[in-house]
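Pasting a structure below so you can have a look.
By written order: A, B, C, D, E, F, G and H. Residues from 1 in each chain.
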């Protein structure tokens, strides 16, 4: 099965095979697994290979392990983000084939390999210090089946480094621009390309950066067209949205 | 005695048995116990079973222990919130029958069991990570004599999980909605039920959550009617207000 | 019909007369009137006398008039809040029996008189300048069928004025406390009564009031128990929540 | 000519027909028209029908008129946003065939009609008051050659209104969600669809809305995946990004 | 010598014994001891008993010790505030007669006992958790030669505790009110007394307290007259200003 | 009668002539005049000459006139602050002997002249633009019976202007320092004098002044001892607190 | 006389011709003209041609006229900034030879022409809407005797426009970069040149620009070296600092 | 070679020896070393002695070591800022001749000694606690070849300490003023000297300092002319800008 349950239901309505009201009943009956502290939402991941995702922060290690184990039984791919060292150890013990990326702070369990897109997502960072966010984005985009290229450290202070990579960027279907401090790189790239730009402000900086606020506000008020923004340090969210865009064509074709 | 001293005084005024001025004198003479660093306000807890409450944060462990011991001599129920591990150990040594809830960060000493209300408070969380706040609310509401149901992890990203619990929520007399990040769950529930909704923003989130500010502002500006809001992470306060509402009918009847 | 459609549907589920899934279909089929720029949600106001509400700000006068006229055809009571002088004139021309309260900035069209509750809501303001918000709350609470008392100008700078009104406040089922500047009145009243306190910060003040932020933060961080808070200047919202609480007993009785 | 100059140049590099360095020289020599106070960037609009865009705010009416007239000579389509009443009059005198949308505050001069996409952009608003932003988005998306549908007033306070439109939304290639106050609609829709969601916070609201800050933070911290965000009230920017996404397939096909 | 050098100089001008210009030369030549990282300003402490003050935070322990030792040679009284445990140990080794107050985080070396004022400063706290700030104020006021009374834990949630202490407060010459959270106590006391009220917001609280901001804004916007405010947690500053006021009469008499 | 009722009551307690409890009854029975929208607090102004004060902003002109007229019947002095031009005209018509200060935005009706203090308050401004706040302070201090001197435009950018006035400042009993922008003058003066400094930040400035926030924060974090702060633009409040300090000695003597 | 009084005094100290103390006396005796509401600081403008400067905002038109007239008598050049239309008319009537720049909101009276520097200041703006700030900077820099070039509308959204002007910028001694919104232009230019960059954030923008805050924070956190920042919209301040830098060499040579 | 590559290229254009377009190609071909996580920008440091700079924060120690080693092979001087103790040890092991300044948190490897300027930069701090920022500035300015003088602890609370150093300050070509808390020192110094003032706000302070925000806003809104500001605690940036100014004359002469 290559489509999500929800999509199949809605297509059934469209074709007149089902009434919209019945669809809502089905929505209510969509599978989720209640393990007490968490209600695992299964219906999105039923497509083979599409990963379940666990946001690892703000939960106890015990809770994450419970969720992970419940998911393992479904034979899905599983991506865990914002993983502490301790949690990585605990889950690796349970499931030795999980891949731990200590810079991205992710764990990835790949039960089935998802086919890779032909078009690609390019991830660009302004500095070396933005790499943890970029790695989170890269791991996520890969786990969602995208071809990904990562270009690090081409911030505007030495803009010739960006020019040297411009051909690679324009060849992508969507670009993720990751920058802290004044976040100017998003505007500069959006002025040079005509593909969608998803900007990720990072908390890299100090003083008037106010934990990423400076980059966030700068990206939101970009004078260049076509920039949309996600939360500070949200590499996962940028990759998820980029993957939706990158998959649009393929799905339409099917 | 089932009523608070202050209530009896004020009723006496109402019945013409006492002049308002005399009531104020009595207010001034209301019992409190001065233990140097703290003036314990006893008059609210004189009703059998109604707990004394100690807010455990920002005080030294020594001070909390002093207050706890002074209260023990009054044979009240005692609820301590925001309890550190160290404090939990210190008080359990003094009073082994105290119940420690490590997720809620509470201690509860139940000298007399309070009768439980027939109507209930439902506590709903958007995510697993909101559970510490929800548990603080649950323990508090129970300690104040309420029937309580806790529903975890029904945030709007998978709204069908909420629909599956809607019957339980609408059966309550008041609902506490606990959510971090964008706090949208409060608006959605308030649009679906006609009972009072007390919203608790949590500090769950990162970046533009700014320690719970995003959820707080969202809940305050809810487009749905009937939402009132308490401080970020204030599970105790939400439960206290909910308990006041849940007890209104019973007290009127007596 | 005295109950809302949604309530009847949900009760049918409870009694086993309808499946929850069918209820969701009906939710989807709930009546709303689409007039292009607005989708008027009729299902809440079908109970005789319960007013339709139009929030008058940020809409063009033309849009509000359209909505008002569409509602008039349903023979509901209609409450319009945040009404400009110009809008008041336009609607009064269409519907001369509408009542304009220029301090509350409200219009009220009362097609059927709602029965008044026996228990009351008390509205208290810290200063004279808080009266527009208090009047919005009073008009709303009255339109929702509540007995209401308004006590103005008893702020903490002259606390004896509050003591002189304490008996009236404690006799209510719920109290709305409206204050700008430092908003201390909410904490003081919540420390003296045992009924729910709904606090409304106002934008009255200057400088470090920052448009009501000082009162808002103060009310959210109140050291007194039982305080819940609504948005700055939201007299309507406070009255709506208070009315829900004030009607709880009556509905349970039925 | 159907492609932008910049695209042609870069494709030439890709094909080995031009060295990257030569491309940069050409970038430098890209056409712009210097009219003193403004350097009009022509190279993006050389494709027939693609509009020139003038941001009308913060410029004097005189400056906007100068820019408009300079663009007229190029026989491009011209879109002016954030247009005051006075400016609309001035430009209509110069160019009577310009179309003024007083709700969107836009002017549009269509020299050549751009072919419309087969896939569509859906624009959804939470309330009536969000319509000016939605209209700006609609006019922009249309001017950029997109098929557009606008659904107004389906905010979460009456969520059944949203369910009634869900089929239309899921049929689009990308959805723009426009909401003020607590901005919850973006999260709810993103939880129900699998297409990219571009969220536009609006300044609709008061008090703790802080000019759109509440909706902005809520949208940035959305618990639903796939949401990206633009500046407060930036209907233009959302439509521009949506158009880029909506055109991806078509361009790849060519 | 009982007067400061600067005062003597300025009195000389007043009496015509010195030209203002000459005073400025002397100002420039006022004694300070340069120990490299610090220029110790001696001229204020030349009066017997008036303490030198070292702000202990943000300096290295080594720097504080250097300054302390340089001051010891002048035989002044010395007050060190914001002292870490480590620093307390280091200085006690050098100067065993120093008095360490671990709640106030102060060290005091009293070379000469300052005569105590007949009129007194009263320090009042809203809660037990405000005691560290209150103790810093008490130690400072004592070190500056004032009679001081400290009343703890009389916050507005149990206002009868305040009434029981009102006589003591009104007997003082100046009152320092210390409160976190909503900081309402300052307004309530200022409404009940006619002496100057110096308000100290504390960082006690959580969530919307924003590190003391809620109390700070509340105190600045107090509706009661006669309240002035110092920085969050600035017990030292409040005591210093209170001491200036408390000494006014005595100095005029001399 | 030269003392306030509240003071007499409290002195009676002190002398053992009255029990504290009886005092509280009397507090409750303190005179206030209820004119519907306002409860005029008379007990402070019973001393001959001490003015009633009306804060004129945020009230309707009609309300202020009502309050003014009610006060006139008591033969008190009356000070109205934050007076609009329109209000000034309305009240002058009612009471032609009222004095309007259009820079201070005050009205003053002097029924009895208050005796002037021998010691003085000095008011210092950093710039010409701070004069409205300074005039409000001057008029208030005068109305409260103080000798006052006003020194304008001695900001730190030309510090020699300050030195030329230093003798006058140091001769005062208390100094009010009024400054916008960076508010540095308060720190500089507090470093040069040994009398209490009350700092008033003003909203003079633009950009990063954020309506007076820059000066407010600067004054709160002053490195000089003895500075206390009032709200932005609160000339009245500074003068009230300064007058309390300036009268301390006189009252003690009586 | 070509040097300021203060400079001559200080040089005399350096040469041993005067004691530092005497210099301070002289500082105190530096000329200023007291016209009541303002103390005009003359000593900086005694050099022929160096203008007196009046900041025109927040003062009454009457006050500005008074100051202007007092300065006219000194035969100085006079620059007035932040001039309203009404003020421009009033001063032009008094002094018809004054030059009014309605975009810069300046008035300039040039009694003596200052010699122009050989090296130049370049002023660059990101957009047309930044021109009022740029013009204020240009007029100021000219009035201070600098050669100035203004390049408008080269923001990063069309970066090839910047490259076309790069030669002019690098030829200057100092560059002022003026940008609103995300303020990225400052970082990009600082990465391309090796001269000092003074960045001026402007209030151009909306929504998350928060009145220039986004550009301000971005410029302060620039990843490019050599950027210093002035207040939002402070064209005058940037020009003043740039002029100091531009004159350094010349003065050293003399 | 004494000039940067970029400068030589641009001068070639100026002299007509190269076309601007060719310069841009060369810009693109400027040397940088790609070591995976970082693209080291070499072209600025090719001048003998000019240091490479590594910002040490937010990178892993491993990444910094990699960059350092790659730079060592170029035989440049290398300055590392924001160095942790652990990193200092790691790099010292690799390169024992590196100089570690533990107060400045810098490492400096001096391969070639840069000639020192004849004119000097003076660095002034308000307090002892500002020394880490001042030391970072001093080390940076020295590494860039400047004569530097550091004056510590002359804050405005004891302004006579400043007067005693005024001669040294005025003798410099540019002054860096470093202050936390209210940051008043920048305004006071800028009012006394006529050289450029670069102000560095520091995070020294507590409460309303908000991590340096108070000093930052104060410096940005300085009433004194000629002040420009860098980020909070950015001693490096201030020194870099100061060095640019200090070298202007020398380079012009060559």
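To be clear about the criterion, contacts are C-beta pairs under 8 Å (C-beta built on N, C-alpha and C of every residue); 3 or more make two chains touch, one makes a residue touch a chain.
These numbers come from a predicted model, not from an experiment.
Chemist: Steps needed, at minimum, to get from subunit D to subunit E via touching chains?
Modeler: 2
Chemist: Note whether the interface between subunit F and subunit G is symmetric in residue numbering, meaning over half of all numbers used appear on both sides, and answer same or different.
Modeler: different
Chemist: From the centre of subunit B, which chain's CA centre is farthest?
Modeler: Most remote chain from subunit B, centroid-wise, comes out as G.
Chemist: Fitting the CA atoms of subunit C to subunit D, what rotation angle results, rounded to the nearest 5 degrees?
Modeler: 90
Chemist: So the centre of each chain is just the mean of its C-alpha atoms; given that, what is the distance between subunit B and subunit C in Å?
Modeler: Comparing mean C-alpha positions, subunit C is 25 Å from subunit B.
Chemist: What whole-number Å value describes the gap between the mean CA coordinates of subunit E and subunit H?
Modeler: Going by mean C-alpha positions, subunit E sits 38 Å from subunit H.
Chemist: Can you work out the whole-Å distance between the CA centroids of subunit D and subunit F?
Modeler: That gives a centre separation of 54 Å.
Chemist: Using mean CA coordinates as chain centres, what's the gap between subunit B and subunit F in Å?
Modeler: Roughly 42 Å, centre to centre.
Chemist: Counting only residues that touch at least 2 other chains, which ones in subunit A make the list?
Modeler: Residues 20, 24, 27-29, 127, 157-158, 163-164, 192, 205, 207-209, 216, 220-221, 225, 231-232 of subunit A touch two or more partner chains.
Chemist: How about subunit F: which of its residues touch subunit H in the complex?
Modeler: The contact residues of subunit F facing subunit H are 126-127, 155-159, 181-184, 187-188, 190-192, 205, 207-210, 213-225.
Chemist: Hey, which residues of subunit D end up touching subunit A in the complex?
Modeler: Subunit D residues touching subunit A: 4, 6-7, 10, 13-14, 20, 24, 53, 119, 163, 166-167, 170-171, 173, 192, 194-196, 198, 216, 220-221, 225-232, 237-238, 240-241, 244-245, 248-249, 252.
Chemist: Looking at the complex, which residues from subunit B come into contact with subunit A?
Modeler: Touch list, subunit B to subunit A: 127-129, 131, 152-154, 157-158, 160-161, 163-164, 180, 204-209.
Chemist: Considering only the defined contacts, which subunit D positions touch subunit G in the complex?
Modeler: It comes out as residues 27-30, 32, 36-39, 41, 43, 57-59, 63, 67, 201, 203, 211-212, 216, 231-234.
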